[in-house]
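Heads up, the next two complexes both have subunit A, just with different partners, subunit B and then subunit C.
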Partner chain A sequence: MVRVVFEFSGGMELLFGNQKVVEADVPQHNGEQQLTVAAAMAWARDNLLTERPELFMKGSSVRPGVLVLLNDTDWELCGELEAAVADGDRVTFISTLHGG
Partner chain B sequence: MVRQCVHCTSQRAVLRRPKTAEPLCRECFYAALEQEVHETISAARLFKPGERVAVAASGGKDSTVLAHMLTTLNARHGYGLDLFLLSIDEGISGYRDDSLETVKRNEAQYQIPLHVFSYKDLYGWTMDEIVAAVGTKSNCTFCGVFRRQALDRGAALVGADKIATGHNADDVAETVLLNILRGDVPRLGRCANIITGEDSPLPRVKPFKYTYEKEIVMYAYFKKLDYFSTECIYSPFAARGFAREFVKDLEAARPRAIVDLIRSAEQFRVPGGSGSGSSSTGGKAVALPQPGNCQRCGYISSQPVCKACILLEGLNKGLPRLGVSRTRRTPKGPAAEAAAAADAAAANGLPAAAGAAADAPLARGQAGTCCAGQGSCSGSSSRQPAQPCCAGGTCSSSLPAADGAAAASAPAAAAAAAADTNGGGGFAYLQNKAAIASHPSARQLAD
Partner chain C sequence: MSTSEELERLRAENEALKAELEALKRSQQPPAAQAPAAAPAANGGGAACPAFAPWDGMQHGLDKQQISRYSRQIILHSFGVQAQARLCRGSVLIIGAGGLGSPAALYLAAAGVGRLGIVDRDTVELSNIHRQVIHRRVGGEASVGVHKALSAAEACRALNSSILVETYLEGLTPENAVELISEYDVIVDASDNAPTRYLISDACCVARRPLVSGAAIGTDGQLTVYCHGEDGPCYRCLFPESPAAGNCARCVDAGVLGVVPGVIGTLQALEAIKLVSGVGEPLSRRLLAMDCATGRFHCVKLRAKSPACVACGTSPAITAATLPTYDYAGFTGQAAANDAAPAPLQLIPREERITPRQLQERLAAHPDALVLDVRPLEQFNICHLPGAMHTPYKHFDRHLDAIRARLATPGTHPAAAGTAATAGDAAGQDGTAEDSSSPSEQPPFYVVCRRGNDSQRALAALRRAGISQGVDVVGGMEAWAREVDTSFPMY
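Then we have the complex of A and B:
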């Protein structure tokens, strides 16, 4: 189990029962040592998301237009889907698709 | 896997810039983005010292970052602008009320005044009431048409010279695609302009035209700017649907795609249209609407009666499909009304003739031949009815901008032209504050 702090903002929280921050213990896949962002994301979709999963993910990644940060750093600098999520890490999903 | 900022090389990078792929730290990112917007503003000469600029504010990410950025740059570079926030309250409970609270906080945070205008005050209808009357199929048409006029009316009431909007690069790229898909040639020719307003009384500027949505959102996130994001309760996620998603897909594959779309649109030359080089293309002329004024409310309109007045008439008469259905229908039929408008305008010298003529059967399809002095030519201005606007060339483009309604080209020229033909410097109807505050076609409410 890895303790992950999920943050949802920019309208993304609307898909997660209006919760902006969720702390959760995310299980690793069978036998794997590390939790990846890809696995954490899929877990959030299956366990935390309350509606319209297609607005969160497309295929095995986020829907284009959703920004992802790992500990406040653009996931593009961390290895994107393959980035490792350690105990206590913060994964942030920000929608840019919502209007004002 | 810690990456250092390529600019200062001392701090840890927090994001990769989509346009340049550079990893930057927070401070270097702020500086780079602010400098870029400043350069956009300077290069396009978006503002002049002393101008009163309305920042169209919805409380969303783009307008919140715009308000922050403009107040910052105004102070840093001494633009000398008198900035204020302008918000429109569509009257959508549970949606706009919340975002207006955000704008009210922005007023305090950025120390610039806020003015709010509501559909209820301007038109006599809230969006909630409109949806109750028309349902949720065409409600966005009403909202879009009304918002555009509401911003202009609000800005005019508080004496703005210009409206700045938060449209970003992603928005512009989407619009380019949508106009291609719709085959909307006139709009395609101008949608990537950084200054627009051919069909508005006030110029509109887009300081974020080249700014990626990702960077706007990252800027707001790192600076912890107070913005509101939700979906309109009447149109969840509908706004621009597939075009939006397509642009994001393109960006994911190749981030430069967004700016490339904008650049390509800037290269479009619409035959007979606004923008430069139109006469040299040799292409088939496209009849572009000529600016005129709505007979009822005076708002700038290419038709004898503007869209807002038609929609309001439908609402007020309990015929909400009026003006919404695909085929344009006015109560008398377009030809009759247009002809009447042309007659009326010819009689009293109003510029409505420009819009009317463009719609009249006589003028339709004559873009290549002009009216040859038959009096219906939109370019020939009511002051010189006997003189054709051109000698058999394309009517709408090859005219010198010297005379009134002839100028369909640059927004400034169009604005000046319309002002000129109104005979009194500036849009006559905008001088009458009372008339702006209460739309002439508004539902008259019993007290």
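Then we have the complex of A and C:
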């Protein structure tokens, strides 16, 4: 199990029962040592998401218009889907806003 | 120091300051008035105007009036007279004179940006004013009906008549974007829709202009600087694929707390001032995410620009030549007119729909008839028809059982009893819905929403659930407020 702090903002929280921060113990894939962002994301979809999964993910990745952060850093700088999530890490999903 | 010594020192200082003040007053007189001052006799025998320049600065080019007006930021150690001079010589283009553009334009005008451009194409509506605070008439409360760019420019000039304010009333288009943006040093994206955001970012890439991007909705705000420096990403580097149109909440649907764009727009002015004046660290490769509901301000680290980016990469497909014909509406799946009502749809057969006027007649004949209102709770709470049952379209399936129970309840129209039994009557019912005024042919219930689109979707969901009755009201409560009851509040 890896302790993960999920954060949802920019409207993403609406898909997760209006929760902005959720701490959860996420199991690694069978036998694997590491938890990847991809696995954490799929776990959040299967266990935390309350509605409209198509607004969260597209295929095995996040849907267009959502920024994923690992400990406040753009996941592209950490390895995207394959980035390793360690105990206590924060995985953040921010939906881009257009209003003004 | 004794009291008398202190007194003497202050007197001397006072005299010196008086002399300085006189000298400055003389130097401030317009040339016409200054000429006679050179002849002592014509100036009441006062001191002669010195032949040399009375004061010298660091070649900043600011005049006394400007120094006085901007003195509090000029004396700021981290800003200073040279930064102010760059600001006064600089230019900023603000795209959108709405919730973000309002404070951005006011603060940039007040701070002394030499040339401000304001782009918009809408006119002010009453529902804008709670956040678009720039739109106010002298002697009146609001400039409802006035063009937003003109209204904003007027407010900026009233605040600071020494700057130049330019307006563009046609909005930003792929045809004019690059040329317009090239005329300014820094661009502020204060727009409210995805296609315009992509257009602004692309044009800034082409014209090589730094872009201060802000966005706000509900109680959330975001701020970042794109297209800056060697490695700053553009909007497309972050979001190469546009989110689906349905995933973009709009102020007109989702609402916005007025102060939220106020905060972000103010921060956009700050970033623009930093970029024009060359002071501080711009928010490039960083994004400020603001959650006003919980008071959380989160600054996160962003990727560098992508070499593969079609707008700012090593071999961009979007160039000055191709941008004007780029299909932004097609790319984002939505039009740039953001506050506009969605197009009225025709999703269910026309004969299953009635006008608000027909609804009024039928409700008069059958006060007990059931009205399902499928708008969100916030809108339902503002105002609804007496006795309307609230079954919001979001999570509509959760209300199906309650609707069935209600239809089976005595007091509702008799035809409603035994929903399943009447399922086959749909065609007959529908055929009479449009033109019949005979009370005996009344369908058992009516579905309304804000504008008449969600109500059709709800009816389609009812049909799928085996409930074949029910009639849609064309145009929803907005049409009701227009055509039947003008006292019905709209929003």
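Note that in this section the second predicted complex is superposed on the first by the 96 of 100 C-alpha atoms of A that agree within 3 Å, B and C clash if a C-alpha of one lies under 4 Å from a C-alpha of the other, contacts with A are read in each partner's own complex, and residues count from 1 in each chain.
Everything below uses one rule, namely that contacts are C-beta pairs under 8 Å (C-beta built on N, C-alpha and C of every residue); 3 or more make two chains touch, one makes a residue touch a chain.
In this text, all values refer to a predicted model and were calculated from it rather than measured experimentally.
Student: Based on the superposition on subunit A, does the combination of subunit B and subunit C result in a clash or a fit?
Tutor: clash
Student: Using the superposition on chain A described above, determine whether A:I94 touches subunit B (first), subunit C (second), both, or neither.
Tutor: both
Student: Considering only the touch criterion stated at the top, classify A:G59 as touching first (subunit B), second (subunit C), both, or neither.
Tutor: Neither partner.
Student: After superposition on the shared chain, which partner residues are touched by A:K20: those of subunit B (first), subunit C (second), both, or neither?
Tutor: Once the two structures are laid over each other on A, A:K20 reaches subunit C alone.
Student: Identify the partner contact of A:G31: answer first if only subunit B is touched, second if only subunit C is, both if each is, neither if none is.
Tutor: Touch status of A:G31: no partner.
Student: Pick one for A:G10: touches subunit B only (first), subunit C only (second), both, or neither.
Tutor: both
Student: For A:L67, is the partner it touches subunit B (first), subunit C (second), both, or none of the two (neither)?
Tutor: Touch partners of A:L67: subunit B and subunit C.
Student: Given the touch rule stated above, what does A:E76 touch, subunit B (first), subunit C (second), both, or neither?
Tutor: Touch status of A:E76: both partners.
Student: With chain A superposed, which of the segments 3-11, 255-263 or 417-425 in subunit B collides sterically with subunit C?
Tutor: Here subunit B runs into subunit C along 255-263, and the other listed stretches stay clear.
Student: Overlap the subunit B and subunit C contact sets on subunit A and report the shared residues.
Tutor: Dual-contact residues (subunit A): 9-11, 55, 63-65, 67, 69, 72-74, 76-77, 92, 94-100.
Student: Would you pull the subunit A residues touching subunit B in the complex into a rising list?
Tutor: That would be residues 9-11, 14, 55, 63-65, 67, 69, 72-74, 76-79, 83, 92, 94-100 of subunit A.
Student: Given the complex with subunit A, which residues does subunit C contribute to the contact?
Tutor: Residue positions touching the partner: 96, 98-101, 190-194, 197, 214-218, 220-222, 238-244, 247-251, 254, 256, 261, 265, 287, 289, 291, 294, 298-303, 338, 395.
Student: What does subunit A use to touch subunit C in their complex?
Tutor: These residues of subunit A touch subunit C: 9-11, 20, 51, 55, 63-67, 69, 72-74, 76-77, 92, 94-100.
Student: Touching residues of subunit B toward subunit A in the complex: what are they?
Tutor: 1, 3, 12-16, 23, 58-64, 99, 170, 213-214, 216-218, 221-222, 227-232, 237, 239, 244-245, 248-249, 251-252
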